[in-house]
Amino acid sequence: MTATNWDITELQGSPRRQQREKRVQAVVFSAALVSILLSVMIVGSLGFEAIRYITEVDLSRLWDRGWFPRNGVFDLKTLIVATLWVTLIAMVVAVPLGLSAAIYLSEYASVRARKVLKPVLEVLAGIPSVVLGFFALRFINPNLVESWLENANSSGNMISAGIGVGILTIPLVASISEDALSSVPNALREASAGIGARKLTTTTSIVLPAAISGLVAAFIVATSRAIGETMVVFIAGGAADTALFASNPADQGLTMTAAMASLAAGSDEVVGSGLAYGSLFFVGSILFLVTMGLNVLADRLVRKYRLEY
Amino acid sequence: GGSDDAGGSGEDGEIFVSGSSTVEPISVRVADEFFKTNPDVNIAVNGPGTGDGFKLFCDGETDISDASRAIKDEEASDCEENGINWVELKVGIDGIAIMSGPGNPIECLSFPDMYSITSPEAEGVQNWADANELNAAVGGSGDLPDAPLTITAPGQESGTYASFIEIVLEDLLEEREQDITTRFDYQSSANDNIIINNISSDDTSFGWVGFAFAEEAGDSVKVFSISEEEGGDCIAPTAETIADNSYPIARDLFIYVNVDKAAEKPLLAEFVDFYMDYGLTTAVTDSKYVPLDDAAMAETRAAWSGR
Amino acid sequence: MNDETNHDAQKQVDEMDAVQANRPTVATVATENSIEPDHPVVLSMRNLSVYYGTFRAVRDVDMDIRENEITAMIGPSGCGKSTVLRSINRMNDLIPTARVEGDLRFHGLDLYDSKVDPVEVRRRIGMVFQKPNPFPKSIYDNITYGPRIAGTPKENFDEIVETSLKRAALWDEVKDRLSESALGMSGGQQQRLCIARAIATNPDVLLMDEPCSALDPIATGMIEDLMQEIKSNYTIVIVTHNMQQAARVSDRTAFFTAQIDSENDRRTGLLVEFDRTEKIFSNPADERTENYVTGRFG
Amino acid sequence: MNDETNHDAQKQVDEMDAVQANRPTVATVATENSIEPDHPVVLSMRNLSVYYGTFRAVRDVDMDIRENEITAMIGPSGCGKSTVLRSINRMNDLIPTARVEGDLRFHGLDLYDSKVDPVEVRRRIGMVFQKPNPFPKSIYDNITYGPRIAGTPKENFDEIVETSLKRAALWDEVKDRLSESALGMSGGQQQRLCIARAIATNPDVLLMDEPCSALDPIATGMIEDLMQEIKSNYTIVIVTHNMQQAARVSDRTAFFTAQIDSENDRRTGLLVEFDRTEKIFSNPADERTENYVTGRFG
Amino acid sequence: MAVATPTTVRDTASIAESLRRKRDVKGVAFQAMMFLSLVITLGVLVVLLFTVISDGWPVLSQRLGGFLTSTLRPDAVDAGVVQGLKGTFYLCAIVAIVAFPLGIAAAIYMEEYAPQNWLTSFIQLNIRNLAGVPSVVYGILGLTIFVKGWGISSITGGSSPLAGGLTLSALVLPVVIITAQEAIRATPQALREAGFGVGATKWEVIKDHILPYAAPGILTGTLLSIARAAGEAAPLLLIGTISGIITRSAPWYDVTQVQDRFTAMPTLITSWAVQPDTGFSVENAAAAIVILIFFVILLNSAAIMLRNRFESKRSG
């Protein structure tokens, strides 16, 4: 015996409701597509001018004596060396401090200590970079750098800018590293302790190796952030608009980002002579590609450790 | 005052001034004072540099262009192409101070000395002594000291840069058939403070900025006396020597006004009127520049009223 | 979250052991239902298989669910009981990889017809889950949520709340705190609230996936009584791990088990036997059923 | 992570049900151990309570653990078996809130004396965990980790690896791939590796917390055999959910249960009965024990 | 209970010796070092705050009111930040209006609608990459699209708060999406099932159950994004903000000023910090920094507190 057979209309649902669902889906889908549009706009706005620049520029001027965009002299190594110095110094500051902070927070700190310390670290992470630029120029340079190094440039130099950038990236290193360390299963710590290992041994021979991919990712993300950091270097790096090639970090330095900001700030909307405008986009493209490469790499590593445990 | 206009400088109440960072303080003071009696006006003043200012001015984006040198022919023809009509108004005088770090033993430099370290022929020179051959060739003494040379000065977009070339280098450059420019390989900055900082941090450095900034820097820099010829009179820059033209490296400061806009926008015209009064006097002295003498002031006012 | 669920599940299993150990012979429990006549078929499954991606989780399900009866689904863990249950009201649509093959008809209509709106299906076929999952809202809002989205006029809400809660045997306990948060209730109360919430949309069929597994014996007893009471108005399908519960409450029982699939090497669930409950528990046709209900396997 | 553990635990429980259902009478299993004389006491607990913060997780534990015996701890979930076990080698020190009260002596020495180094305690009293937890290193490095940190000379490592793996009945299976990662082994192999790793530090006592709960019956059997084999060299304490396992392998059994604490309203574990295994399973003194081992409660 | 036989006294002394606590110098030193690093890091924060407050003290103590309400002026002692504050306020408001709905909608799509296919993983990868693009590059985007973009510049009015706000919206959008996704993902499946189980449509489940549940998490992310937008300077430098003077200061509520030339706190600080006059470069810049930091830390702390409360509520 079977119950009454129904007509399909019983289960068709209201067309109005279905249309509303479709509309909502279309709206949120478009929102998601905006992120792709953004990428297209970034690549477009960089690429168009950058390509024009590279076809018009005298290529021999890309490896010359310094960075003088209004004279058609675009020595990339000036920018690259300054960028490398600042990044290196930043990492020398940020990696030991950030990693140690992460180790302390994840392995040693009591629950209550962590509850207090982590938010403070997050507040540090929220400090705007102009503020660190000011701090680097007003405090780090006179009180630290100049008192160690006689010949340090008092209007800013790569060392104090590097330290400023380093401070800015400490919270980033700490938070990614802490994430990596705390995703190491507690079972491994217990196993190690159960065998009679001291905490130091457990931390250095079990936890750190197990978290290595995450720690490397933290390093790479921080490097990428340091390379892309603008304001600290612009304010505290000596902020010269042009620069002779210099390899001494105690001199003022023009990083890729600072060169871009100088071009922009020194000449309202960069209306200056032809190729100088194009160089802004060219340097921007290099910056974009380098940081994106690093981010993709770090992303892979992060997902690797997420998968492992 | 309506502010619905997108361009920002098309409406009567909107005045946009851009250009020389040297003249910027004068314009800022004039704007500030003018606003007190005209609260409906909205004046924005920016200071990216004379060259960049003219670019904007000739694109019709600004109403007034501050300039620390006269407009160049290319710039003027740019303006012409775009149908921008302007009037040039001299507003004050700025001496260019030639400086080094406080411990520099040299007291006086001549034009040939400066040519031998800053002209395109000096490219690559990183020690004063390396310029001696050239120095002798252009009429200098040929005995510059053996000391490292780093140069920090305003960049190409700046009026101070152009004035330096015009006054100090141009004659020799033409004589020696060089491009009318400086060597490119020196540190440049649009920020006079940074220039002064860089100069003061090194006893044998070399550079130049506007007199006002040098005076403010006080003892942290050494300001050279200047002679036009090797062995000529060495004159130190002071307000008097600049005003009476005995100091050789002084330049005139200008504003350029878009006359069509001044005709369309009564407030703009009023603003320039005010500039011709307050600007030429109080604002110039408050900004630590040297005011024009009476004759020149009258000439400027005449140029404005006869636009 | 998950953690908790599993803990609860495990505790429940522990408790069950104890209960199982003293259970009365099954046949005596079930016989009381055996005289009823056949009710009309509301839902029919023929040759139903459900896949997760390429993995066939359950196959060969042929079942007729009859009006105003309680149909129980039993079987060892992982044999696909929940999977089948959730395919009935198309809850499986929420799992992107899930796919149904075969025939599943509701009042003769193919439930997987492209013209069928799964939302409409779920209004007709309500569901109660293993872990009580009230909305983090007031008791009142929990019950009226279904009617509200179905467009029921607001003036009926008070009445709906009262009848649903009464049916779910919860009215007396909560009538004075209808505006308090549902999260403040005990587990058993929450589960009855979920039943009331399901009832409030006035469905034809009520699916229950181990509705008592997170509850203590007293709460369990209340819900079993409740099912007996409301079955005259609804068709109920219940998944349970507790064989005694199946024997106590259901009219018909489907026994599922899992076997290694020859195609791939994974265990696929299948329907072994489906019959009147007293038959399944007293005289099963299949040896596997017998082993299971007598506790020799599973 | 947690998720998985719980899942495994639940599966294990499910399997147990089945096993329990056909289990032979307990007495016959246990009697074979009953004739042995009393061994000397290695560990003694008197009036032991363990707190997590202000919550007393377990109380009134009085137990003597004897040399070369296997002592089993059984009881329902949450009654504090793991807590007591972990307090023996001071693993509880790793939990910031954990605190021990009462007396716990190892060869007569107070293990919670301030002069005692917990790290040294753990070298003497090794531990094997519920879920196999090899280090993400090679098999060889897993085993030599303990000796390495204890400062054993490297030239002994090969020998230690061989004897430990042989004792753990794993040598033949892995001797050709000692440098491969331990994570590539099966669950049962991993657990035996963890036992080998614990043995490699040459402890006196071996604590095992449900060492087989994540393993299939064959692996479980291997580990049970292994325990029997090594017990002449070690003192073993094992926590298990599987009563049959306790009956099969242990010499003495402690039965724990949990009761609502009158002080606060939380369930606190307590030791109900501790005796020779055959006594516990055939003729328990306490009714609660009897209910548990006969499956009437739990 | 079994009768206890006496404990074997088996060389207790040597066992006691072996269990004796050894000095773990290395361990203690290591822990101290780790702790010291943390202290140094946090010490930097303290020194930084001390530096800016003491540098800005003359302004903060003597003319805070005037400083907050006064406009850009030629002399340091008259100058104030009201236009910077207003610019930053409008930037944040535009970010809130543009980036949040977009970001939350995109997150809803990614978590609730997106099928598992190449497009979805491409979008996801793209979002993560965008989150790592340096802010100065977003400045270039803003310059070419929002300031000079053909057709768009007439809407934004060139170098205006609108152009800046859109640029900053682009900058924070990926972060908003990612945090909203995380918050949405944390919604228990049971809640979704409960909603669907009573016959709610997808959108009804999202709007009635998922979004309310995820709201605190989403709000946390959005507060952090506003804080970030408020502190960003590099993109604004490229867009071109005013450093000299803007005489008029339109009232706060005059929304037409989103198309005008403007200045914002971070760019104002930047241009002051490099001025020759220490009245600007030290006192005013530091005072402006204190105000900016106050605002940013307020937002950050609100976000952190919100998250902590939310997390403890969930776990408890």
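Letters A, B, C, D and E mark the chains in the order given here, with residues in each chain numbered from 1 onward.
Keep this in mind: a residue touches a chain if its C-beta (ideal position, glycine included) is under 8 Å from a C-beta of that chain, and two chains touch if they have at least 3 such contacts.
Bear in mind the structure is a predicted one, so any value in this text is a computation, not a measurement.
> Within the chain touch network, how many edges lie on the shortest path between subunit B and subunit D?
Minimum number of steps from subunit B to subunit D: 2.
> Could you find the chain whose CA centre sits the greatest distance from that of subunit A?
C
> If you average the CA atoms of subunit A and of subunit C, how far apart do the two points sit, in angstrom?
52
> Once you find the CA centre of subunit B and the CA centre of subunit C, what distance in Å lies between them?
One centre to the other, that is 87 Å.
> Subunit A to subunit E: how many Å between their CA centres?
That pair's centroid distance is 14 Å.
> Quick check: how many Å separate the C-alpha centres of subunit B and subunit E?
Using C-alpha averages as centres, the distance is 41 Å.
> Return the residues of subunit C touching two or more other chains; collapse runs of consecutive numbers into ranges.
119-120
> Out of subunit A, which residues touch more than one other chain, so two or more?
Residues 17, 198, 239, 265, 268-269 of subunit A touch two or more partner chains.
> Which subunit E residues sit where two or more other chains touch them?
Those would be 24, 201, 274.
> Spell out the part of subunit E that touches subunit D in their complex, as residue ranges.
Touch list, subunit E to subunit D: 1-2, 4-10, 12, 15-16, 18-22, 24.
> Please give the residue numbers of subunit B that touch subunit E in the complex, ascending.
Against subunit E, subunit B makes touches at 1-8, 13, 16-17, 24-25, 27-29, 31-32, 34-35, 39-47, 191-194, 196, 213, 216-217, 286-287.
> Which residues of subunit D touch subunit E in their complex?
Contacts found on subunit D: 38, 40-42, 44, 62, 64, 67, 105-109, 111, 114-117, 119-121, 124, 252, 273-276.
> What part of subunit A is in contact with subunit B in the complex they form?
65-66, 68, 70-71, 73, 153-156, 238-244, 252, 262, 265-269, 271-273
> Which stretch or stretches of subunit E touch subunit C in the complex?
Against subunit C, the touching part of subunit E is residues 115-116, 188, 190-201, 204, 208-209, 212-213.
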